[in-house]
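Before anything else, here is the set of structures, which you'll find just below.
The following pair of complexes shares a single chain, chain A, combined with chain B in the former and chain C in the latter.
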Partner chain A sequence: MHSPFTNFAAALVLALSATAFAINVEAAASDPILAGFAESAKASTPGFTGFSAERGKRLFLSKQTSGKPETPSCTTCHGNSPQSRGQTRADKPIEPMALSHTPNRYSDPKKVAKWFRRNCKSVLGRECTALEKGDFITFMATQ
Partner chain B sequence: MPDGLKPATGTKGATRVWDLPTRIFHWSLVALIATGLLSGYFAPAWWLDIHSWAGYGIAGLIIFRLVWAVFGFEYSRFSNFTYAPGETLRHLRSFLRRQPGHYTGHNPLGAMMVFALIAVISGIVVSGLVSLGGKEDQGPLATVASYSVGKTADDIHEILAGILVGLIGLHIGGVLVESILSRENLVRSMISGWKTRLSSREPAAPRPARPRAALAVFAVAALLIGSAFTVLAGLPATGLTTAAAHPAFEAECSDCHQLYHPSLLPAASWRDMMASLDQHFGEDASLDDGDRTSITGHLVKHAAGHWDSKAAHKFRTISEQEPWQISATPGWKRIHKEIPEADFKRPKVKSKSNCLGCHSDAASGRFHNQNIRLPKE
Partner chain C sequence: MKPILFALVLLAAGSSVSTAGADERFPPITNKTVLQECGDCHMAFQPQFLPKRSWVKMMAGLSDHFGEDASLDVAQVKEIEAYLTANAADVSRFREGRKMLRRVDSKWTPLRISELPRFRHEHDDRDVKRMLDRLKVKTMAACQACHRGATQGYFDDD
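After this line comes the complex of A and B, so read on.
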């Protein structure tokens, strides 16, 4: 049996994800790069309903074993939080990935494509999917 | 009386032998030669300015002395102490018997030392200037002296400096021995200008100094040399040409590290590196084809073989194992072998690849000695 509390919690989760989805759709509409990823994601992912900041966060923080041993995670170079500065392996500082900290991020399609290609290959050993890219940017946009 | 005998004059039976300009010349030369030798042998590379300014000072002193050799007071004139070989030999024999003949000014052995010192020091100044221009791409000859000429001049500069150290030892030894044998403190004479023990062969009428004529000749010489240097400085440079700006190279190759100057590796290394950017020092640095082609063209066009600078010469022989790494070339390792590993680990440096951490002009490819700083933290 559902207690009033679990009912309430479920309703809350539903309401929250609905809002999150709304935000995503809105962002996708106003951001051509994200809109492009959404387009490809829809084509390649059955049941695609929108990008998830939560999945983006997991991609950012997770440790991988399929890529280069020197770069097990996005955090190897980008620092442990989206708000912190990172550092390349040659010790050059990298500005925070959170859009609120570095507002000009994710705006140049060429740059975004280049770094996703390089960094996903280094960390995951393969290119990222459109879904992963969209999730990542969505997560950074909420930070 | 035999020719030219003249009684001693001056206070306490002494006579003035060394005029003031000659004495100032002598002791300034001592100070500048000491500066030059100490900075050359012992100072870190970034003291090059002190070394070369000592050299310019010495050049000025030598030119002055050559003018004063004609217009100075009797005993400063070269003609006063230019002796025939026979007389020099006779003096040497008497010296070895410890009964040297007495001379008021320079005796034949002393005269030989003066000429030898002036010749060797002049050689050092000229070879230093050529080396500075050819090897370091600095100074008035930077635009005319090639790297290889500069390198040869640098070898000569070092050999002459060694000879100079030997001559200085002999000179000091000779002065001390002569002071004892002649019972005259020659060092004090070079300070006060006076000598008490005079020769029987004193010239009858010591020729007076002609300071105004000397000044005029010195001024003309300075003007000529100054304008020659100005003209030379205006010629097209031999060493560092400048590479045209290349925005794609500057942006794409400075994302992960400082920009390395194209002159630091040979064309073959750049070509290979650019053909496998996805395997770039353990990292994926891949570019789209347009950027890759254009950046490769820029690097190859300005690769080490196209430059006559020091760095381009030192690193053009690459390491077999790591053909893309400047810091692995035999030349790089040789130059940096005396730097303790700990200096490369300091927070402001962090790695051998961080040239900019110690060379503030790394971006230009110059690597001038004056721009080296070893961070203390």
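After this line comes the complex of A and C, so read on.
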């Protein structure tokens, strides 16, 4: 009844839907993080209407003077293009920040919190606000 | 058949690295937290390269680590410090580690491996300068740029 071909085709469909499912789960996983930032931004920013990729882009590209002199900008390590690899100051490659290029980014709450804390302190000399974090991820999700 | 072939390969490998005894290999790091948290920005350096007092000082100053915030939570700091100090150059019995401490005054607490007199002596070399230019290496802290087996503990591979 089942030819080897239909068996194969069924297996292929299964495999394909499994990968599609995995991708959906990953995409959804970045939502709770963004939703959390939106919640805090709403509470702390009067007139908050949503995150802005444009503001996120400005944060990514701007040169700062309030942080450590070695790290004036996010681009110091992440490079000028979200689609390209960056490099740490000790020459270690960093995968692109654009979600389309590095799909597992912004999905692990601990990792996201750790690096925002460190990198914002290094570059800005303070922690980033929920608004800044949400804008940054929103920008990277459009890239 | 297969075991014999394997033994032959081992023999061949053994003869080609005979000048560097197995005991010159820096023990690879076995603690996962150290590998992960100290390996994000550069390779995780083997603790046998610096004395205990250096690791203690470094772990107390992670929020300004060579001009960067490398802070971790308290539990991670404790776990990493315990591993690094237990395997430090002046604690571990590893001989190459002891040698790293030559001409290091006990009142000095170096934070860079690359500033130790023995390191500088081993790297004061025309080959090193040529590699720095050719590979466009920004800093001597990028050990793995020149030593491909650095994370596995091999530094005599050139």
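Keep in mind that, in the parts below, the second predicted complex is superposed on the first by the 113 of 143 C-alpha atoms of A that agree within 3 Å, B and C clash if a C-alpha of one lies under 4 Å from a C-alpha of the other, contacts with A are read in each partner's own complex, and residues count from 1 in each chain.
One rule holds for everything that comes next: contacts are C-beta pairs under 8 Å (C-beta built on N, C-alpha and C of every residue); 3 or more make two chains touch, one makes a residue touch a chain.
From a predicted model like this one, the values you see are computed outputs, not experimental measurements.
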item: Touched partner set for A:Gln64, first chain B, second chain C, both or neither; value: neither
item: Partner chain in contact with A:Gln143 - chain B first, chain C second, else both or neither; value: neither
item: First (chain B), second (chain C), both or neither touched by A:Thr129; value: neither
item: Chain A residues contacted in one complex by chain B, in the other by chain C; value: 68, 70-71, 88-92, 117-119, 121-122
item: Residues of chain A touching chain B in the complex; value: 68, 70-71, 88-92, 110, 114, 117-119, 121-122
item: Chain A partner contacts - residues on chain C that touch it in the complex; value: 40-43, 63-64, 66-71, 137-139, 141-142, 145
item: Residues of chain A that touch chain C when the two form their complex; value: 68-71, 88-92, 117-119, 121-122
item: Residues of chain B touching chain A in the complex; value: 255-258, 278, 281-288, 350-351, 353-354
